[in-house]
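Take a look at the structures below.
Shared chain: subunit A. Partners: subunit B in the first complex, subunit C in the second.
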Partner chain A sequence: MYSSVVRLQNTFGFFTTVAFVVAAIIAASDLLAPRTPSVGLLKTTNLQVVRGRPHYYSSKKEEYAIIKFSLDADLSSLFTWNTKQLFVYVTAEWPSVGGSGSGQNATNQAVIWDSIITSPSADHLANLGPIAMKKLKRSAAGKSIDPNRGKLSLKNQRPKYQISHPSGKVAEQEDVVLRLHYNVQPWVGILTWNQDADFWKWTTLRNNLSKKFKLPAIKKKVEKKAGASS
Partner chain B sequence: MAEQILEQARELFEGQIDFEGQKLVELLVNVALTLVGAIAFFVGYLLQDIKLAVYVGLAGTAAVFLLAVPPWPFFNRNPVKWLPVGGITPPANLVVDDKMFR
Partner chain C sequence: MLSSLQNPRQAAAQLMNFGLILSTAFMMWKGLSVISDSPSPIVVVLSGSMEPAFQRGDLLLLWNRNLVSETNVGEIVVYNVKGKDIPIVHRVVRKFGLGPDAKLLTKGDNNAADDTELYARGQDYLARQDIVGSVVGYIPFVGYVTIMLSEHPWMKTAMLGIMGLVVVLQRE
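Entry: the complex of A and B
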């Protein structure tokens, strides 16, 4: 520590150590915050299966399921000082015809809707236009945590993604359920998904499955060509 | 003249401090940075505001840099007293590496 340059180096070196340790303690402080997410309602409101092409020039025709749904959930307890954003998504799941021995996935699972909910500390990172950004920032002005952020209430929500299957067949598929998932993305620490069992102060997400339902038959188009069965 | 200014500039840039000062600055840096980290965490945790924690931590670290890096006079209060150049005979019976100096 005899010269200025050496003191600069040593001070910076110890600063990096302190920064790392503080970050580790912040990550560990997540465990002290209870997580009690709850789902009020998750149900389908409208089901439709249509035929379409994966992209414009494709000659392959596939069936696509369009699943509209309603969702009421309170995930606000997932927002702590260390939460950067919350990724919420709804999947549709159904068992494979042959089960796990058929060379297929035992369970088919596809995301139909997702959303990123930013914490007020991460609002500036949201992928929004200037007007929507202003509105988002004003909605939590002066607050470091906004308890309204995690409250979801969707009525007859259109899916973001129409889902299909590698076989191209989804019509009249039975035993389909919707499942709500979340993924907490902290400022420092590890990513956490909805866990299967209670873990100390973190409770599992209950009631996050819809009732089993059956996808309908293909909706007949009005201008259906004769003999277009292949 | 120019040489003198150059010498002063070099000393200012090097910023040497004495041995007692080096001991003191090491202690100061370790204690102050640890305190800054602890304060940053508790302020952030109590107010549940991570941005505030980052700003407190960075501001405190900047203050520690300002305290530790320049050769402040209180790091130079125990200068080393060198023997004068030449003119002094070594003391009798001085032993270095088992050899007697005369």
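Entry: the complex of A and C
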């Protein structure tokens, strides 16, 4: 019968159906937007290996690689109306230590630098202080898609993460490369990473590898002069 | 009034109907579980450690098969830690080795430090088997109901009461 409960149920059911269909259409619209990311330059500028401890209370000493790099990339085509944020990251990759046939530690991958680039529609969600937030919002005021977002130009960038290896050794490691990756976070739909091959309107990220390089030997720790002793 | 109580045949039919809805939902959940090879193919985000990508209450679809490639650095994974019952959604930032023995390190995009502190005592890395699935799909906000229900237990009671009343009072 047509009781008010049934009407309420029908209304809610119709609402959820419409909401999901609209969400599916928005998610599918990602495929129609061409993606043509490009990398102009990715190279290391300064390499250093130091000895250190994983945390303050640890007695274990490990080797840490500090890889400075320069990067020029244009990822602005990844921003569409359904893009919430772009996660850009650079990994260092190197083959197995000693190259033993056991297959263990055959490939090593570690993020040395990453960055979250929010779409103007998601600026209010960014984890920033009030001044930086105001600046970020002003940089794209009134725009739903900002063509400047996703244009990266880093010169002699310090790594955010100093990388080590479970064996504790990274010094004089050969055949290390840097690789640029991205991850597009949608407002609704499928998460996408840089794909290995061209896919319809999405071109693969070319030239996103640096030249192979060798990490240097350990740098002797320069004793800092004790400044203000407490 | 309370027609279902006076008519046992109708009451039985209603009970069957209710059971059918429950079992359909359960079968769909388990079916998804089999397809994605994950014990929990849909999860609700409970913390803000992956903001701004994921907020509390967002729904994530997981995939736990390595058909094309292994679980790699950059993927967002849901993992369990021994001795802790709440699964964590974070991004893989380091991977040493290949296959099931690979050592994985995770970090929340919004956290300053990596997850070593969150792991079990003496555990420095995750193994592939700790991972429940990688995030492949995202639906915002839909899961917020479950957070409301778990944080305000009276809502659960109220909801169950209303549902019970509807079942009993519904004529057809």
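FYI, the second predicted complex is superposed on the first by the 209 of 230 C-alpha atoms of A that agree within 3 Å, B and C clash if a C-alpha of one lies under 4 Å from a C-alpha of the other, contacts with A are read in each partner's own complex, and residues count from 1 in each chain.
Going forward, contacts are C-beta pairs under 8 Å (C-beta built on N, C-alpha and C of every residue); 3 or more make two chains touch, one makes a residue touch a chain.
All of these numbers come straight from a predicted model, not from anything done at the bench.
Novice: Mind checking subunit B and subunit C on superposed subunit A, clash or fit?
Specialist: fit
Novice: Considering only touches as defined above, state whether A:F14 meets subunit B (first), subunit C (second), both or neither.
Specialist: first
Novice: More residues of subunit A in touch with subunit C or with subunit B?
Specialist: Touching more of subunit A: C.
Novice: In the overlay, answer first, second, both or neither for which of subunit B and subunit C A:V111 touches.
Specialist: Only subunit C is touched by A:V111; subunit B is not.
Novice: Classify the contacts of A:L41 with the two partner chains as first (subunit B alone), second (subunit C alone), both, or neither.
Specialist: Neither partner.
Novice: Is A:T80 contacted by the first partner subunit B, the second partner subunit C, both or neither?
Specialist: First partner only.
Novice: Applying the document's definition of touch, where does A:I66 land relative to subunit B and subunit C: first, second, both, or neither?
Specialist: Neither subunit B nor subunit C is touched by A:I66.
Novice: Taking the superposition as given, does A:V22 touch the first partner, subunit B, the second, subunit C, both, or neither?
Specialist: The answer is first: A:V22 touches subunit B but not subunit C.
Novice: Determine how wide the angle is at the CA centre of subunit A between the CA centres of subunit C and subunit B, giving a multiple of 10 degrees.
Specialist: In the superposed arrangement it comes to 40 degrees.
Novice: Classify the contacts of A:I218 with the two partner chains as first (subunit B alone), second (subunit C alone), both, or neither.
Specialist: After superposition on chain A, A:I218 lies in contact with neither partner.
Novice: Classify the contacts of A:V177 with the two partner chains as first (subunit B alone), second (subunit C alone), both, or neither.
Specialist: neither
Novice: Which partner does A:L209 reach: the first (subunit B), the second (subunit C), both, or neither?
Specialist: In the superposed model, A:L209 contacts neither subunit B nor subunit C.
Novice: With both complexes overlaid on chain A, what's the closest CA-to-CA approach of subunit B to subunit C, in Å?
Specialist: Comparing every C-alpha of subunit B with every C-alpha of subunit C, the smallest gap is 12 Å.
Novice: Give me the intersection of subunit A's contacts with subunit B and its contacts with subunit C, in residue numbers.
Specialist: 1, 3, 5, 187
Novice: Applying the document's contact rule, which stretches of subunit A touch subunit C when the two form their complex?
Specialist: 1, 3, 5, 23, 54-55, 84-85, 87, 89, 91, 103-111, 114, 116, 118, 122, 125-127, 161, 163, 165-166, 181, 183, 185-191, 193
Novice: Taking the touch rule as given, give the residues of subunit A at its contact with subunit B in the complex, in rising order.
Specialist: Contact set of subunit A toward subunit B: 1-5, 7-8, 10-12, 14-15, 18-19, 21-22, 25-26, 29, 80-82, 121, 144-145, 187.
Novice: Over in the complex, which subunit C residues touch subunit A? Could you list them?
Specialist: Checking each residue of subunit C against subunit A gives 51-53, 55, 72-76, 91, 93-99, 101, 103, 109-110, 116, 124-125, 135-140, 166, 169-172.
Novice: Which residues, counting only subunit B, touch subunit A once they are in their complex?
Specialist: Residues 13-17, 21-22, 25-26, 29-30, 33-34, 36-37, 40-41, 44-45, 47-53, 57, 61, 64-65, 68-71 of subunit B touch subunit A in their complex.
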